[in-house]
Amino acid sequence: MYISHGEKAEILTEALPYIQKYNNKIIVIKYGGSAMTDEKLKTSVMRDLVLLAQIGIKVVLVHGGGPEITETFKRMDIRSSFINGLRQTDKEAVEVVQMVLAGKVSKSLVNLIENAGGNAISLSGVDGRMFEATQISEELGYVGEISTVNTKPVLDLLNNGYIPVISSVGCDRQGNIYNINADNAASKLAQALGAYSLISMTDTKGILLNQNDESTLVREILVSETEKLISEGIVSGGMIPKIKCCADAVRNGVKQVFIIDGRVPHAIIIEVLSDEGIGTMFH
Amino acid sequence: MYISHGEKAEILTEALPYIQKYNNKIIVIKYGGSAMTDEKLKTSVMRDLVLLAQIGIKVVLVHGGGPEITETFKRMDIRSSFINGLRQTDKEAVEVVQMVLAGKVSKSLVNLIENAGGNAISLSGVDGRMFEATQISEELGYVGEISTVNTKPVLDLLNNGYIPVISSVGCDRQGNIYNINADNAASKLAQALGAYSLISMTDTKGILLNQNDESTLVREILVSETEKLISEGIVSGGMIPKIKCCADAVRNGVKQVFIIDGRVPHAIIIEVLSDEGIGTMFH
Amino acid sequence: MYISHGEKAEILTEALPYIQKYNNKIIVIKYGGSAMTDEKLKTSVMRDLVLLAQIGIKVVLVHGGGPEITETFKRMDIRSSFINGLRQTDKEAVEVVQMVLAGKVSKSLVNLIENAGGNAISLSGVDGRMFEATQISEELGYVGEISTVNTKPVLDLLNNGYIPVISSVGCDRQGNIYNINADNAASKLAQALGAYSLISMTDTKGILLNQNDESTLVREILVSETEKLISEGIVSGGMIPKIKCCADAVRNGVKQVFIIDGRVPHAIIIEVLSDEGIGTMFH
Amino acid sequence: MYISHGEKAEILTEALPYIQKYNNKIIVIKYGGSAMTDEKLKTSVMRDLVLLAQIGIKVVLVHGGGPEITETFKRMDIRSSFINGLRQTDKEAVEVVQMVLAGKVSKSLVNLIENAGGNAISLSGVDGRMFEATQISEELGYVGEISTVNTKPVLDLLNNGYIPVISSVGCDRQGNIYNINADNAASKLAQALGAYSLISMTDTKGILLNQNDESTLVREILVSETEKLISEGIVSGGMIPKIKCCADAVRNGVKQVFIIDGRVPHAIIIEVLSDEGIGTMFH
Amino acid sequence: MYISHGEKAEILTEALPYIQKYNNKIIVIKYGGSAMTDEKLKTSVMRDLVLLAQIGIKVVLVHGGGPEITETFKRMDIRSSFINGLRQTDKEAVEVVQMVLAGKVSKSLVNLIENAGGNAISLSGVDGRMFEATQISEELGYVGEISTVNTKPVLDLLNNGYIPVISSVGCDRQGNIYNINADNAASKLAQALGAYSLISMTDTKGILLNQNDESTLVREILVSETEKLISEGIVSGGMIPKIKCCADAVRNGVKQVFIIDGRVPHAIIIEVLSDEGIGTMFH
Amino acid sequence: MYISHGEKAEILTEALPYIQKYNNKIIVIKYGGSAMTDEKLKTSVMRDLVLLAQIGIKVVLVHGGGPEITETFKRMDIRSSFINGLRQTDKEAVEVVQMVLAGKVSKSLVNLIENAGGNAISLSGVDGRMFEATQISEELGYVGEISTVNTKPVLDLLNNGYIPVISSVGCDRQGNIYNINADNAASKLAQALGAYSLISMTDTKGILLNQNDESTLVREILVSETEKLISEGIVSGGMIPKIKCCADAVRNGVKQVFIIDGRVPHAIIIEVLSDEGIGTMFH
């Protein structure tokens, strides 16, 4: 479709109120799913983040890396089982998890951001002891939950003009490292930063009342209703912790919390810079 | 024409390289012509400036106000004649000029910018003794040319987050005020500020080799060729000082100098945030 | 009278305690009356302000401009009637009011300050949306009262070393502008700025118990007594809103509030830099 | 041996002149060899760095990770050959190199620094595009040499109070990553930072005239003499690039350049905080 | 005893936790007794202070000067008697006290600090009107107690990188000066500064239950127990005000308060930078 | 003589151009002679300095203290002889000189400044090693001349809002202290500070061609003419080094250098804040 320069300029000016609304605010983006495995989408998302940062939004990226971890485990002949969606992780495994997340996934995202003209530095929860964590259960091994968030490293990077790219690994004062659920890390970080917005990218349209029917998308949901969705089995699997994290963020002061469809090109831009609400909004 | 949110987002991201290019740079805009007399265009231009300021560009607006001055002269029964396109101006007249420019035109622009969510403060060359001027000729009376630009007031406002809106009035150390040609004021100011860009809005497509044929638009011109255009009579009238001011700016270090068609909606946005060169570019 | 340099030096040193008292404090001066119409007094007052600013006092000037407005109205054949001392003002009239105040009166004061070696920038309530106003009554038209004061533009100018010269025009979010009583604007601004002092210049010695007898000057008055003065008809006309504004300022924390006689040369200097209380002091 | 508190205090005060000498100066430490593979030495070195940072020295750590890379290559069944001491590296291999250095080695050093009460953040040359690199030869594949050092990320971290822990990986503007020799990276970085000192830790006493006789240690060497050492075959293997990097640093303004024996506990502290010169000093 | 460089380095690193604990904290040291009269000890103490300042501790020194005052009194034939350990002081005497403390003792300490590579400036309570004082009793004459501490001069010097060396002289608004007990001045100053620690140097091991038996040293004492020590006569003489000042400091928020034995070389270093508690600690 | 408040205000405003001229400039005042021995004059001079500081001038006071030193020498039975106007000074004597200057004279000046509402801190050349000195001759003993001025302590105090009161004592790196001629110290300090003005107070009208005839006052003198005055014996005694110091200051960039009559009340104010040139001006 041909769109004239005048129409394009008109579209740019239509974004003004949204740019003003988010100006100088912190947005934490939980990045994962197809948007991360599809190389073209990945490049496009990173450009979107650079745009947001360039127009005055403080962008923080938190990523997981399931598929890459699985592949490296296979390659290194490490076996692991899942308990309630959480990967059982021994000492060797958690080192590989960290190595893949912080040494491969994070760096490739930083590289793409830099190539789009942005500035990025990657951090794991070990850097500046950002995520202090405790073990969830002995059974799961080195799987942790965040007990304390130290926001200084993220704020330092934001104030120096970088997009922090964060892999969800935690540590404790004995030198142990822990695998942390990325949705959880993003939510806790958003709360600790006093972020304005938390956006969780996933591979569905949002919360669906019927998983097989995208027309049953829930566009807005009250935090008070989320428990029922879970207890009645309407949502299941990885969506359960995701919804809990979103609800937790709203309860702790994050103003704008969304689950959006990462498969849609420029989904973040649409969500942030237009009146089009895509996905599910929590409040 | 229906444009989807995805396409709109795509258009926003296409602007990224231009936003990066102009980031934190000063653009001086000489505002005049239809873009100033047509209320709808006027509102639209002010919104465009707010957008540019919002995405990190330091916008400075210099305006004239011919028609409003003429109208007030008529209303107050002040007569004036023109000599080589410059208004002959006695003491009473220059006071009315200042009153109209600084008290009416400037304030209405500030008002529109504020209503679009921006921050603006208007200045005349008297404020902070910004434009020190000397008389051009006794015959013309209180018509001056700028001898010294004091950039402090403009830089103070930019650093405090305002769009300076400037009326082209100068003063001397005897307390006299002078009418200053707005193109001249914009060019001198751009040079003194070390501006990156000077954009002059006018009511034609740009420089035309044949005034009656818009297809003869000169898209790019070397400063060294401008003299010939004038001496051979290809350009005439108000376009002559405009071209001289643009050439002067290029010679004194302003990187991007344009004459653009102010009648085109969002002309500035198109010029700054796309690869579409509209009007004439000087280099 | 011959005064030796030694005596002059002695006089300078006598001012020390007053200079220390006002050091770095904000003084809002409501400027009007003869001090503004008499060219010699006007020049002298502006020099006085420069002296105060130079010795470390943060001077803010708020001015009206009745006579100049009346004259321009006459010249432009605009008729207006007064209701309770407030000028009935239609859309055309308010534009002329703004034009005269912000484009003529303000600029001439800035010019005098600059010529005395000071730094000044003029603002109207539209600049930086400093005075948000609402209509007082439909009958009066575009006459407003201040609902919100945004002190940022004034503080920015003070911090950058300028004397802000302010014309009492307000605006609303629909783009309307309003004529604001200058005493009111000065009082509201002093309160919002947390000013130390408000000095209102007028054409009488201060509050007189008998308008025809200057020996009945009230040197100090409690805010609680001002209502009685008004209700008993001891004061009348333009003095009523002036007294109300002064009382309002005292009630809202302005420490030193005076009405002084602007006809006396150097009245402000005498009031601020000596133990001589001229005029009426409110507390 | 029993040392009294008084003697200990005496020893602390003897360090004063050295603390003063290095105050606020940048020291780049190339970390490698036994000091990195022996867990106890590793912990001890990290504590030493925290001490140096705590007393006002700006410490920057650059590390390699040969043994860990070799082990992971074996584990993942990646084969590589060496050409002139440089590892031949294909695309898959360089990703593993980066993963091990930035995701494992760097993080474990950060963890130890944090546990010693210090603050650290790890960077690779991709972060903030710190090391821009070009390919050395097609034969070697993704092995690069640094063409441009961007010191901003390191300076930002130092100014915010962190010890930067840096893995020697570079990148180019096409998104490729390169394995960089760590001695080279440390030397280039020290030069670009205007560092005061470069300390290279190795597994020998320093430069030996006879590799089998530690009594032939060269305590000081002129840069002009290093070429001869190499051409005459007195030094060989990995010592050659190390000496070249040290000489290069001296030639480009680094004041204090040393090769020290990383097997000695607290070797860095001895070198920096005492008059004991251990190893070889270049000048 | 020969101690190797490795052992010395080990000792330096053992100090790390103490350096971290006191980092950027204010320590007020009351300096007096043998540590001040023995030239060698004096030089050594000043070097110790420079070390503490160099490693990031904010050191403030308050000194008395009894012996030097006595000697100058003798030399100038000024007689004075003591009442309850306080020197009876007339106008001439207090001027000599100030002259000796501020003009001789303070300057000699500053000189030693500078020669050890530190930066120091001396202040008396008159400078910046730091100690405002009132007379204790007419009988004692110009002996005062501090009524107000103005911390600005000390904080200004600390922030500019100096060790403030303070002589305990106070003043009032009539221009009188007063001799102030140095323990008192140190305690009041520590409280007003919100100091982390107050260390009082004396010529005993600390508080002894039996003055003739150093093995009866009280290593730690609760503030609530100090009254009993005094009322039961266990401590006596100059130790009484010293204990009161220490207790007062603890009650007003100073965290670490000690009386230490100034005769021990490096006593301050041992107290601050090791786990060896020497002397008596109050809490 | 009665002077009305209006006339007083007029006098204040007449000072405006001088206040503007000296705004934010450094004036070094060499204080001595009667202005220092007469208690009333002393108080008055200190108030004058507070006034100058208050209106934005950076005042630095350098004082001698001949009579007080002589008196204390007598009191302590120290004998000294003069060689070419310089006091022969042994180790004991220089300590007494320092004690009197820094511990008595300086503090009494600080006290007077504080009581006039100003802020002052006294320094000697030992503080912050401000004046590094070398011995002039073995014969004279501890009499020195300044080899290096470290301006940091003075600038730190000025920037923190204090009037530095400086006694002319120097030191060397061996811990020796030296008596420094105060005129010399003032001149060297003014040069090192890049002061705008140096004012030397003395007990004559200025340079007189005939010492017995005040009408022979030299109002202005070129630096090039000063040698002749000395060689021809027109000036003699303490005036010789004073003139040399003034000439030296002019030659090294101090713009306004004066010798003024300290016996005249408010002499400094007259010199600085009026067009009355009193004394002798060097240029």
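First chain written, first letter: the chains are A, B, C, D, E and F, and each begins at residue 1.
By our rule, contacts are C-beta pairs under 8 Å (C-beta built on N, C-alpha and C of every residue); 3 or more make two chains touch, one makes a residue touch a chain.
Note that the structure is a prediction, hence the values are computed from the model and not measured.
Following the contact convention of this document, no chain is adjacent to both subunit B and subunit E. Graph distance from subunit A to subunit D, where chains that touch are one step apart, equals 1.
Chain centres computed from CA atoms place B at the largest separation from subunit E.
Mostly identical positions are employed by subunit D and subunit E in their mutual contact, as over half of the interface residue numbers are shared between these two copies. The angle of the rotation carrying subunit B onto subunit D, fitted on C-alpha atoms and rounded to the nearest 5, is 120°. In this assembly, the C-alpha centroid of subunit A lies 56 Å from the C-alpha centroid of subunit E. Chain geometry summary: the mean Cα position of subunit C and that of subunit F are 45 Å apart.
Here the CA centre of subunit C is 69 Å from the CA centre of subunit D. Contact of a single residue of subunit F with at least two other chains is seen at no position.
If each chain is drawn as a node and touching chains are joined, the picture is one closed loop, every chain linked to exactly two others. Going from subunit B to subunit C and on round the loop of contacts, you meet the chains as B, C, F, E, D, A.
Looking at the complex, you find that subunit B touches subunit C at residues 72, 75-77, 95, 98-104, 107, 110-112, 114-115, 119-124, 126-129, 152-153, 156-157, 160, 162, 169, 171, 173, 175, 177.
Interface residues of subunit A, counted against subunit B in their complex, comprise 1, 3, 5-17, 19-20, 23, 44, 47-48, 50-51, 54-56, 116-117, 264-266, 269-270, 273-274, 276, 278.
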